[in-house]
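I'd like to ask you about the structure that follows.
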Amino acid sequence: MTDILQLLVYGLVLGSVLTMGAIGVSMIFGILRFAHFAHGDFMTLGAYLGLTFISAFGLSAWWALPAAMVGMAVVAVFIDQVLYRRIRRTQPVILLIASFGMALILRSLVQLIWGSDNQSYATGIQFPWRLDWLGGIRLKPDHLWIVLISLGLVMAVHLFLTRTRLGKAMRAMSDNMDLALVSGIPAERVIMVTWVIGGALAAAAGVFLGIDTRLHPVMGWSALLPVFAATILGGIGRPYGAIAGGMIIGVSMEMSTLIIPAAYKPAVAFAIMVGMLILRPQGIFKGTV
Amino acid sequence: MTSLLEARDLYGGYGGVDILQGTNLRVEPDEIVVIVGPNGAGKSTAMKAVFGLLRIRAGEVLYKGEPITNAKPEQMVKRGIAYVPQEKNVFPSMTVRENLEMGAYLMKGDLSKRLDKVYTLFPKLAERRRQQAGLMSGGERQMVAMGRALMIDPELLMLDEPTAGLSPLLIDETFERIKEINAQGIGVLMVEQNAKQALAIADRGYVLATGRNRHEDTGPNLLADPEVAEMFLGG
Amino acid sequence: MELTGIASYLVSFLTFAGVYAVLALGLNMQWGFTGQFNIGIAGFFAVGAYTSAILTTPGSPAYLGGFGLPFLVGLGGAVIASTIIGVIIGLITARLRTDYLAIASIGIAEMIRLFIKNEDWLSNGVRGIAGIPRPLQGTPLDTPLGYLLVVVVFVVGVYFLVERAYASPWGRVLRAIRENEPATAAAGKDIANFRLQAFVLGSAIMGLGGGLYAHFFGFLSPEAFRPLYGTFIVWVMLIAGGSGNNRGAILGAVVVWGIWSVTELFTDMLPAEHATQGAALRVLLIGVLLQVILVLRPQGLLPEKPPRLIARQRRSR
Amino acid sequence: APMKIGVLVPLTGDLQSYGEPALKATQLAAKEINAAGGVMGEDVQIASGDTQTSPQPGVSAAQKLVNVEGVSGIMGALSSGVTIPVAQSVSKPGKIPQISSASTSPVITSLDDGDFLFRTVPSDAFQGVALSQITADKGYKTVSIIYINNDYGKGLAEAFTTAFEKQGGKVASTVAYEKGQPAYRGELQQADKGDPEALVLIGYPENGQTILRQALEGGYFRNFVFTDGMKAPELVENLGAEYLNGSVGTVPQARDDSPGAQHFSTAYEEAYGAVPPKPYLDTAYDAFYLMALAAEAAGSTDGVAIRDHLREVANPPGEQVGPGEFEKAVKLLKAGKDIDYEGASGSVNFDENGDVPGTFGEWTFEDGKIVTKRIFEPTMPK
Amino acid sequence: MIQIDNVSKTFGGIQAVRGVSLEVAEGSITGLIGPNGAGKSTLFNMVAGLFPPSEGRVLLDGRDITGLPPHKLFHLGLVRTFQIPHEFSRMTVRENLMVVPPGQSGENLFNAWLRWGRVKQEDSAVLDKVDDVLDFLEITHVADELAGNLSGGQKKLLDLGRTMMTDARMVLLDEPGAGVNRTLLGKIREAIQRLNRERGYTFCVIEHDMDLISALCDPVHVMANGELIASGAMTELRRNEQVREAYLGGGMSGQMGENARPSNQGDAS
């Protein structure tokens, strides 16, 4: 029982990371209609930006987080302006392939700038609290923070999307870009905001991953497929669904080792996803029509 | 007095050949102007060009005397021009109410007055305010589309076939509404295939064919012209 | 036959490109014609490669087979196996929309790879299968050039079949499905059936590509079928070449594999101390070149154009 | 024409951090050889190729080396998954000798390579025995294994288990891990079953570091036994010295008191700074050196001729020459004498399969440093 | 020919069609009118197999076709057009029409590969037919355009053209007139009549243009709020108070719209 609870805790941590990535993927898909394959490398770059802030200004990882988020938001908007904007009027699949090329570019940049060895934010190990009232499960302060901050960010995004006009305009754009233009919705600005949110959350995911594990130029790329799985599970274009998707994928990946050989672990995310697609193709929460 | 809208000698298209071959359009304040013509004549293209959705290669568009050639749609809305496209004119996954709100995206302040106005014009929309627009019948969508455009309290309303797919009752109503709207001092430029009815309420009309102006006259005169009737209005 | 250095490099380069061209043609059938977003190419690729390898290698106690059968039997097996897998996956995913099919297919491909990786009895697992024979052994044509000829024959053959299919009424229905399913159904076409046919045929072609790959390399391990080189590069080839255009698919394979290989010559000019940075720079360059193609020619180098009407020229109006 | 040797290593992709030092080691060898007058009087050149840690680009790069650069031999590749297809589709048909410095897969021993594939690193079959020996020496009776799910990890895990059980030890559980996962706690939980005293971690730092961190944080393990793949200084930097103290590992390694090893480390340090405590530098150096010696002995840059002379210069009998003694070797060869190269990584004597036996080092973390405790030849327990 | 038997359809909370029963007689041109959102298209979609009814049955020639998929219905001779045009955007107009004819042997891959000659021959017959249809609809000049580039009205014509490419027995037309130029619409009307007379096609037409309906259809069914509220000849329906209130509008009679604007009456005719 403790085993299960313990893995559940870990699953929630992993789920938070995936959620941060999946919300961005989901929003970008909703508005620009393409699966953003560079999102994993956004996470990587965000994590490394965090590293730079830590080593340059001596910040702690938690203070580097907002800085990395801002930095990544800027990078994301920049990339959109120089690349994606130029091909936005073509088919989505072109954007998809372009984002794939962008993934290659970002990864090699990270490698050129920061090198290819493992790095980490802080030396040392943080030992967990033992929660005896909860069957003796172990809980690390970092993990608690990761989950709490993720929750906060999710709430913020939720409020933004439902309470602000810009948030609603995003949904309008994802429905019918031409009509949004005709209605006077400043499409370019909305797209920019989408990238700001997507980039910032990707950076959060990257920094969380860096805090929890280590930094490596392929760290984000490796997490990309589970992030997609979470997006699908939640229903494409549904940021709230992404939360549920992220948590389900995270928890089931961590728990899977209880029943199947660990070598098949990466297949778990896919198996859930494929099963889901076949049984309920719109995702848990209906995806966009 | 300057015209509300004036388009002079427009040339432009979708990349290849020019669809518009020197089209001219003019709307005076308080006027209802109707464009009729065969399918594929370039009517929708002309509307899109005026509204900045299409690059105009030559010619100019003036709004109240100021040039707005190739300005962004956002600018058009800010200046008080509203446009309802012919196809895909609602946000399918948003509710009726949200569709209307999007129409007033650039407007600051309380929307409830404007919403009420649209709801009185189209009571059906009030009834269905929570329905997703994508799931509505063809005619219902047209209402949503019109309603969305009216949310900005425009000075010039551009409508591309507003009555296509509407029931006779609603067509009558729609034209009534258009007259009402016009009576409040809003200029209306519309493309119509329901030509007889449209020309009947029009101050002026254009007949467009292959991107050029073929006839221009008052509505009643065009209706009376046997050639126009034979060629474009269905006898 | 003696070949000079550059020529034999070219031979090997073209063999590679040829194998990829087969995969790109298979993808074109699924995506270019029908609009099926399969990003699980690596799965079919792997099934084809492993089937042919198991059938043609000499016996081994470590894994299933090998049966030491001839090359063509191996390829036939590759096609049959990937057809079967194609039918199964095609039926499972029949109801899925584009984006969902994409994600489901990549998931299934990864599952196939993990299966191959972990089921030693079948595929020798992570150790891989070595000693896959080349065809034409014992003949004077048992050279790299000979194998290139074999690959070219298959590329041409597949091109012919696929191009005919494209120009035929069959291809017309597929394109109609790609554009609008309800309308195609209303025109009396059994969309599920056509979609399945296209998916399976595309998969079979990918399996053939896998077989050609196995005999070119002589060794298979699950590493070869990771998404980057098993799937994405094929997509890049098709999109850069021109999706919907079979010649575009072939051209894309040559150009993209060219970029992938030739960029190395540029970075070789850097001093040797900077080899690591050079390699990263090269990947950067690949990424940038790819973007340049996409921005300048979003429809691909050879954009799709409606096939010439196969019937006699219509009377002039 | 001057002799050109291809160096085929991963410069991008998962194993890139091993590619760079290996390339440097060969550059060092080339520098020394050229300072000593070069091969047949001309400077030997290096052409590098990037495998991207994947077979397709690896083979393509090898093709380029052979056909465009016109190399006479290939040093590489590192991972067996690339080395084997290169041997089968490039070296063997092109009749070019290939020496891998890091591919430890047992498959290579029996591979039908037309005798063109060699390696300067012992097969995993031996390291498994060495690993079992140091584990037993530490006094561990029951251990668990977590290994990377590839040929390297699997081969070592199996060899270790066989040897360790023969020695009377017990393997509580064996878990394969997939690389690139964000977390490995499930794996650790599995490995924790059956009260193991230590974790035998066979893998690479890329994910190994995550596993270590999560093992420590989760309180699963405190004691570790590593293999060569995890001999990486960044672990200390990233995890903290105190947690690694006392953990031990094996690595294929020459006796470091041998003149060859000493020469190599001094020369490397002079040229590039401290020798990174990563494996497969000395083996790369030796592979390159042997290739040059064999060409000198053959008096030709033809691939087959070089291959035919590889064993002659590498194996006894003959006068021993070592790193830094190229000039001497040339003289001996010119005088018609037989030579026996004793390399930086050991005696490097090729058997009929192109394999080398080897000695292994036992290394450990001491106050944040990786130190070699001893060098030994493993013996299979009865 | 078609018998709709007590059919209902609910979408989530909305009951779009409630217990409608009606018949389309063989050889007739039946009209279906009603206010927007009355459930007409929904009824059509159920008959055409786009989705099954929640309740009730649909019979074609006495055979139960409830829930059959569209392609099967097509082969039973039932074709339809869409209210919102469904063109094949990245195919030429000509190809759009060439897709339709059933039983093309080139739709079988093996024929395409092995019996190229025959496929070619067949295609050339198809092409002749296509050219006739294009001529008829006056869109020959855009025959080689991609269909996605057509104007709104042209797309409607193309949709109609597709139904003319086959030997249908029963054609469902969902607002063939919306957005179509009235002069052309007159010709379409004639074509429908001719197909009906000469080839015995049965039509069921949804349309809001009363000119077209009264010239073409007998009988006409009126739906409102998902229910069938009246049936009969157009002249009778005009006198039906319920119909006028729900659909035609207060003072209307005769040529639509004219009573609404008496001031313009003289000019209009």
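Here are a few things to note about the model shown:
Per-chain numbering from 1; labels A, B, C, D and E assigned in written order.
Throughout what follows, contacts are C-beta pairs under 8 Å (C-beta built on N, C-alpha and C of every residue); 3 or more make two chains touch, one makes a residue touch a chain.
Just so it is clear, the model here is predicted, and its values are computed rather than measured.
Between chain A and chain E, the least number of touching-chain steps is 2.
Among the remaining chains, those touching chain A and also chain C are D.
Common neighbours of chain C and chain E under the contact rule above are absent. Each chain gets a centre from the mean of its Cα atoms; the one farthest from the centre of chain C is B. The chain with its Cα centre farthest from the Cα centre of chain A is E.
Chain centres here are Cα means. That of chain B falls 50 Å from that of chain C. Per-chain Cα centroids separate chain B from chain D by 75 Å.
Mean C-alpha positions place chain B and chain E at a centre distance of 27 Å. Listed for chain D are residues 12, 16, 149, 176, 178, each touching two or more other chains.
Shared interface positions of chain A, i.e. residues touching 2 or more other chains, are given as 108, 111, 116, 261, 263, 266. Inter-chain contacts, as defined above, occur between A-B, A-C, A-D, B-E, C-D, C-E. Partner chain D is touched in their complex by these residues of chain C: 5-9, 12-13, 16, 114, 117-118, 125-128, 130-132, 143-144, 216-219, 221, 223-224, 226, 228-229, 260-261, 264-265, 268, 272-273, 275-276, 278-280, 282-283. Those residues of chain D whose C-beta lies close enough to touch chain C in the complex are 11-12, 16, 19-20, 23, 27, 46-50, 52, 54-57, 59-61, 63-64, 66-70, 79-82, 84-85, 87-90, 92-94, 105, 107, 111-112, 149-151, 153-155, 176, 178. Touching chain E in their complex are the following residues of chain C: 161, 164-165, 168-173, 175-176, 178-180, 182-191, 197, 201, 244, 304, 306, 309-312, 314-315, 317. Listed in rising order, the residues of chain E touching chain C in the complex are 48-50, 69-71, 74-75, 79-80, 82, 86-92, 94-96, 98-100, 102, 104, 106-109, 111-113, 116, 119-124, 126-127, 131, 140, 144, 146, 162, 166. Every residue of chain D that touches chain A in the complex is listed here, in rising order: 12, 14, 16-17, 149, 175-183, 185-187, 189-190, 205-206, 209-210, 213-214, 216-219, 232, 234-235, 237-240, 243.
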